[in-house]
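Chains here go by letter, A, B, C, D and E, matching the order in which they are written, and residues are numbered from 1 within each.
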Amino acid sequence: MSSQLIDHFALLPLYLAAGTAVLALLTDLFVARRAAVLAVTVLGTFATAAGALSVGAETGTFCTPHNVCSWVPTWPAAVAAVLFAGLTAGVLAFSAPALRRGIAPAGEFCFLLACSMTGGVVVGYSGDLITLIVGLETLTLPLYVLVGLRRFAPGEPVRTESASAAVTFFLISVVSTAIALLGAALTYAATGAVHLDLLGAPAPAAFEPLAGVGAALLVIGLAFKVAAVPLHAWAPATYDGAPVPVAAYLSTASKLGGVLALAAVVSRLDTAAVVAVLAVLTMTVGNLVALRQSRMVRLLAWSSVAQAGYILAALALGADGVVAALAYAAFFVVLELIAFGVVVALRPTGADGGEIADYRGAGRRHPWLGAALVLALAGLAGLPPGLAGLFAKLSVVEALVRENWTWLAGVVLLNAVIALAYYVRVGAAFYVVPVPAGPAPRSVARPVALALIGAVAVAVLLGFAPQLLFSGLS
Amino acid sequence: MTVADVLLLALGAVAVGSGALVVTSTHLVRSGLYLVVSLGAIAGLYLVLGAELVAWVQVLVYVGAVVVLLLFAVMLTRAPIGPSADLDRPALPAAVIGAGVGVGLTALFVDAFRWVRYPSPEPGTAERLGEQIFGAWVLPFEVLSILLLSALVGAIVLSRPDIGARKAEGA
Amino acid sequence: MHVVIPYVVGALLFALGVYGVLRRRNAILVLMAVELMLNAVNLILVTADVSVRALLPGTGGVFTLFVIVLAAAEVGVGLAIILQYYRMRRAVVVDEVRLDVDEERVAG
Amino acid sequence: MSVDVLGPLLPLVPLLAGLLGLLLPPGDGNGARRRLAAGIGVGGAALALLFSLRLLFAGTEPFQTGVDLVTFGDLTVSFGVAIGPAVVYVALAVSVVALLVQIYSITYLHDDPRYASYAAQVSLFTGAMLLVVTANDLIVMLVGWEVMGACSYLLIGHDRRLPEAPAAAVKAFLVTRVGDVGFLLGIALLIVEAGSPSLETVLLHDYPAGTLTAALLLLLAGVAGKSAQFPLHTWLPDAMAGPTPISALIHAATMVAAGVYVVFRTYPLFEQSPVALAVLGVMAAVTILLGALSATAQDDLKRVLAWSTVSQIGYMTGALAVGSPAAALFHLLTHAAFKALLFLAAGAVIHAVGTNHLSRMGGLRVHMPVTFWSFVIGLGALAGLPPLAGFWSKETVLTAAAHATEGGEPVPVWAGWVVWLAALFAVGITAWYAMRLLLRTFFGVSRAHGPDGPDWEIGFDDARFQRPPAPHDPPAAMLVPLLVLCIPSALLGLAAYAPGFRTALELEDPHLGVAVALPMVLLVLGAGSAWWIWWAVPGIDPAMALGRARPLLAAGFRLDDVQHRLVVVPVRALARLVTAADVRVVDGAVMGAGTTTSHLGRLLAAGHRVALPVAAVAVCAGALLLGLVAWWGAAA
Amino acid sequence: MTYTYTSVDGWSLLLVALLLVPAVGAGVVALLPAGRDRAGRVVATVAAAVTFLLTLVIPFTRPTEYGWFDYGPEAPAVVPWLDLHVDWVPSLGLAFHLGVDGISYPLVVLTGLLTLLCCAYTIKKVPDGGSGRALAALLLVLEVGVLGTFLALDLILFFVFFEIVLLPMYAVIAGWGGPDRRAAARKFVLYTLAGSVLLLLGVVTVVAEAGTGDLVELTAGNLLGRTVQAIAFTLLLLAFAVKAPLWPLHTWLPDAHTEAPTVGSVILAGVLLKMGTYGLIRVGIGVAPDAAEAAGPVLGLFAVLAILFGSLICLRQVELKRLIAYSSVGHMGFVLLGIATFTEMGIQAALIGNIAHGLITGLLFFLVGTIKDRAGTGSLNQLSGLRESAPRLAGLLGFAAIASLGLPGLAGFWGEAFAVVAAVRAGGAYWLTLAAAAAVGGALTAAYFLRLLRRVTHGPATPEVRALRPGITGAEWFAWAPLVLLTLAVGVMPLLVLADTAEPITGLLVGAP
């Protein structure tokens, strides 16, 4: 096996994503114009998406003689890559006003984000644990930096939340990575397999506890990425401290990466009990705590914790729930992106998410943004007009009931009721009457508006034609 | 008990002992030095276990780079060189969970592997490992390069004086 | 050889790492404890190469190399973050990193 | 027009007239609107009368016609009429009284701004009664039955100035509605068992005895409510708060007659159930005496008449109980005539003196001769004075009851005795209070100027009344109906000798035997004693003779209070209890769930107000615990 | 996914138009600039009018070979007059399957009518809160959801439409409601969502077990085992009981009604509640007939408790809208009693009860809403003597109240009387007791409505009442007159509602052979 034929076409998404990152760096070096860097990166993300779609499903590459591969192009992976690319583009657009004001160095920002996207793409396509973990780290590591990347204009008060957020994120992340690696090590010690397709092979009887604990630890370590309870405490603090676009990326792309990794693992290993416990804890705690939040981003953070719980519920089914979980994640990230986009659009450039009270009457001042937020929140609550969210919830519940996990479906739905309580609170604040006297409506920066329009279009499209997504994932 | 076993036991004892000192020492710098010892002992264990290349990489990367980095960081944060009293938090949760993890994992391994002899492996030379890395594992290797690049850029960008600078310091 | 010895060593090192992470207040010491954990994992991986009949012999070693590099990268970025935090807050004490809304909005 | 069309039109025309009248805008509209309303009202009633007459003379062949309304499961409800001789006579009585009431009301309510809706409601009322009379379908009959209740509610509550009117209206509707619970259930039992709501089918169906008795007893509850039979009679005296013409309408031919009429229509079923008949008999006997005794002590002219109605309806139900529906119907018809006469005449009196109270009247004979003679005829008929109408019909009832005491009827003999004795005894009482009424109103000196001052304020009806300097007979528009009604009140009894009428009612030949002597003696005794008291101490109210029983009788044996205690108070208490339970327990559980969730959220949120190391502890502890779970799971 | 077919013909597009017209109308209205508020309301009214006219066209499109005569041994259990079937999300077993038959058609018309009336009413009178055009747009969105629910012949589609109404109704209450609107709206939306999630669970259980969500197939075939039927029916019953609402799951209703603006109350009582009872008939019985039959006695018990408790509570209410809201609990109790008997007669009674309640309670809410708006108070203690100062209004209120208490000859009678008759027909001491209790509840209904009338219309006029504007505007006449006339028309000709219900109900009860 000294050398092997590598199917470079199949690797196109990886090349394009990594190329985007490098190109961003180079553009920054040689052109040194923020707009150019941004444009190049956004184009790169589009190219990545296009590449993923053109590759589609293929036979894998980097294969062992036993015909298990490290790079497995499948349609779900392609969909995930497209999502990563789209989310990256969206977050870049959200960041554009801040970058224009020089709140973060544009070149590095774009490069790091593109690196993170590359990691995400790798997670989707990876066929073995090593690639998976390396991809996941590539997804996460640039984010440590991005969370803390905040430049203050002269005279502007310096806020330390972003630094705190970065420390929190980093420390919890490395501990979780260590746990995940321990899990992978135990699994390897028990079965000798690192390729995903071989993970499912039964371990020798003596090693079964080893394999079981290994699988559980692997799941727990990866669950950090989706902020599952009890590995969630970093999420609200980090989201709130990070710049809002980065928080958006954390709660969408980073979470999607975690879901992909988890899906890869749980579909091969029997971890139903652990995942189910995580799911119940995650959605319940997430929703209950979200009820009491007064800060916008923290509320979204807790809600995204809860949403992860729904995804985990589907993953508790193992391979049978993967499609539902991925579908849910896909619907979720689009809606979450819209919600964060509205926050970005309504807040002053570079400001944090603020209190919910700061948004009173915003929906009446900005009807379009209000409508977008209603769409997003309704979708997150799983109600029309957020049809995408409705189908997301439906797919999870359908999978759970189909596999006779009705009790878990019940917990999911009970939580959906709790969740609606805080979503309507936010929505009601947007439309409170009388409209409090606030600053005159600011015009929304064009990139932000474009990204929002795009995201809303995708959400509406998925709402009316969810079959597109389901076909892509199965 | 073979020679290998004895070596394993001895090196393991050193690794664990100095590891314990890493997490208990009241000297910041000494902790770093104990870490060197511990990691070195682990490199020795790799040698005994036949992973030659890993052992050398361990020595180079860890002992040579990581620990040095950590010590630099200690200096940069103007930490006291001498013993300091406020390094630790309340011990109870840490002790309980640490003990739990230790006992649990040990029990798991002992239960799984018992006192069974395994044949000593042939030494994993650099050549063999290299063949593997550049054969089956090119992909993560490539990805790792992106990771390293981003770590590099990230560390640099975070160290730029205008990131999160305090006005009072005047950069 | 009896692989159980390095395995147990790995287990104990991991436990020590956990203990350190939870016990230490100084972020750099926490990072050191994390290094212990990662090394424990590496030791287990290398030991597993001896005990397991893997499809690709020596995968544990490869994995270990990747983990070492990963750890190095993380330490690099991590220290940069900690130093940045230090520059802003003049402290590297993890107890002061709040998870709820930061009391000290503007570092004085 | 062929009778097939006339039959359905008979109830429909007044109903449509009513609906049309309701559409008129409120207010007087300078009299034009008022004339239009009056025209519609009178026209509806007149058409109904015309149709009844046409049917009467068209021939006596019974026929039925109908159109299917709707099918519920296997029950097909059809709007059908069954026209037979008896039906036509009752319809005729209804139309006559309705027409006269409409005419009378034009003047009586001459300055009421809400006259239009009043006239429309009277039309509706008439139509509803005609619907009950003609219906060939129990469900359709129920429709008329209840519409009548609603109209009575509206009309009794018509008076805006009487504070007790709304309460009386509510009471009238509610008490009858309580009875209707039974009525509906009874009908339901009957039609479900028969598989059709058609009266014809129901009457021919062979019911199991138990079901039948249950159904009939339930029906009787409704009958008691509508026909003001004990114990559901309490609404009727209060209903006097309605305008006097309404009292005439309700008491004479419509509402209270409906119950009797329904039993008459379903009599073939009652014949099969001695239990139901016995219950009916006891009810009748109690009602006869209760009504008559209560009438003796009333000071309100209309209340005397109201209680007399209760008592007289008791005669009808008594007749039904003892197996003589014909007698009941006969008495219904004569009663319709003389009670309408009495009420309209009473209206004239009230109109003239501005009060209902006997204690404020007296000496009116001189001023109101026509009214006086109308009263004489009406009261004579009520008391059963030969040869007035009431004598004949009451005599038929008594004969039937006496016959029942001999056995051979479906009703048990003891029930026959009860009815007979009660009816007999009540003859005397009736004569007593009729005489008292006559004396107190028309004889002696005027008591118009009471001790409290020269005049008194009393709201009555809707007429803005100004006391005339001297009372006088009413204007012609009110007088004519009185005169018209005097004729049947006086002569209808003789119709028993008309063969056509007799066969129509299936009445037996009237025969005046020695049995007639006993009631005559009682009648003379009753009337005589009242006269004697009045004569002995001039100006005294004969009711003084009742002594300490007087308040009890005046209050109708305080059955109102009993009803209040036994029904109203418990229902209110229950309502309070249920409401409290709904708020505290049912809604409390819901709100409690909400608050609990919110509290849990607060607790958990507080648990997250910590520093970073706690998160690390949580991560490691979680991993440890879940790892243990997984180990346990894998080992198991 | 066992069978997929696409059936779209010319007339069945009418069903799509029924949903599309209000949806597009809502979009257009929402997009109009803020200055064109009145124009927006007019556009909404036009859209609602077109929708209503479209509902009236449906009976003429009925293919001749279907309908009355086609219920035979070979015919499916549900024979829609119009049938539209397009696959939508096969992965979830969701097909866009619409159809209308005798059971749903009256409700469709009712929905079209009430929405039209409410939109027209909004032209003149916009409650305080947001803009009138937003309210009108929300009303149209509500119409889409409700019509969709009545038209859906696919379980999951049914659920989707069922959910559509939640947030718009929340917005209507929270945006245009009374002083305590936020809490009431919140309670409404959370409580009914709790119901909907049970529906979702039930629906998914059925679909997972039967392998199809097509109501025609589910009704026809015995696709579910007894246990699954029991589980599914319990879930569905609870879900629909919240919506209907059935005691003791009703407590969201009084608060929502008390705070909702007039048009919101009208729509809520007039059509939204019907989704619960319709669902119980179409889905509950259609899918799980055996379980429905078995659950009949329990449902009947609760229905009767609802009647009694609802009436008793009404006796104690001092707030106009709250009283009417609780009266809905009682009335829906009659409807549910009819369903509980699991007989053709009972379900027919339920259907006509549904329509009657929609008409009468819609009218009642219009009236008490107007009285409350004009007098500035809804407290019975402050209202008296309405017939003195506003005789027309008082007359209409009297009519509506008397209709609501089930006076024969008006629409309310048939449903209530025949629910009782159906219970009697069910036979046995248990059902007879239920029937008797329900009849007593009927008397109590009369008691509280008479109490209402006595308080509000009779007696001397209070200052509040004396001050109110007595006249009835053109818009009000337009909104109310149809309800008055239909109340009368349905009362006299119940066949209007029940013309084509016998066969569909038989189909539901027994399924196809």
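Descriptive notes on the structure:
As a working rule, a residue touches a chain if its C-beta (ideal position, glycine included) is under 8 Å from a C-beta of that chain, and two chains touch if they have at least 3 such contacts.
The model shown is predicted, which means the values in this text are computed figures rather than measured ones.
Contact with chain C and chain D alike is made by A, B. Following the contact convention of this document, A, C is the list of chains adjacent to both chain B and chain D.
Set against the C-alpha centre of chain C, every other chain centre is closer than that of D. The two chains most heavily joined by C-beta contacts are B-C. The most distant chain from chain B, with centres taken as the mean of CA atoms, is D.
As a whole-number value, the distance joining the C-alpha centres of chain B and chain C reads 7 Å.
A straight line joining the Cα centres of chain D and chain E is 36 Å long.
In whole angstrom, the spacing between the mean C-alpha positions of chain C and chain E is 62. Centre-to-centre separation of chain A and chain E, using mean CA positions: 42 Å.
For chain D, residues touching at least two other chains, in rising order: 608, 610, 612-617, 620-621, 627, 631. For chain B, residues touching at least two other chains, in rising order: 89, 93-94, 97, 101, 108-109, 136-137, 140, 144, 147, 151, 154-155, 158, 163-166.
With touch defined as above, residues shared between interfaces to two or more other chains in chain E number as follows: 190.
Of all possible chain pairs, those that touch are A-B, A-C, A-D, A-E, B-C, B-D, C-D, D-E. Chain A makes touch with chain C in their complex at residues 64, 66, 68, 129-130, 133-134, 137, 141, 144-145, 148, 157-161, 163-164, 166-168, 170-171, 174-175, 177-178, 181-182, 184-186, 188-195, 198, 233-234, 236-237, 240-241, 295, 298.
By the touch criterion given at the top, residues 187, 190-191, 247-248, 250-252, 309, 312-313, 315-317, 343-346, 348-349, 387-388, 391-392, 395, 398, 402, 407-409, 413-414, 417-418, 420-422, 424-425, 435-436, 439-440, 442-444, 446-447, 450-451, 454, 458-459, 488, 493-495, 498, 502 of chain E touch chain D in their complex. The touching residues of chain E, counted against chain A in their complex, run 88-94, 129-130, 145, 156, 159-160, 163-164, 166-167, 170-171, 174-175, 182, 185-186, 189-190, 193-194, 197-198, 200-201, 204-205, 207-208.
The touching residues of chain B, counted against chain A in their complex, run 108-109, 111-112, 131, 135-140, 142-144, 146-147, 149-151, 153-155, 157-158, 160, 162-167. Those residues of chain C that touch chain D in the complex are listed here as 18, 21-22, 25, 94-100.
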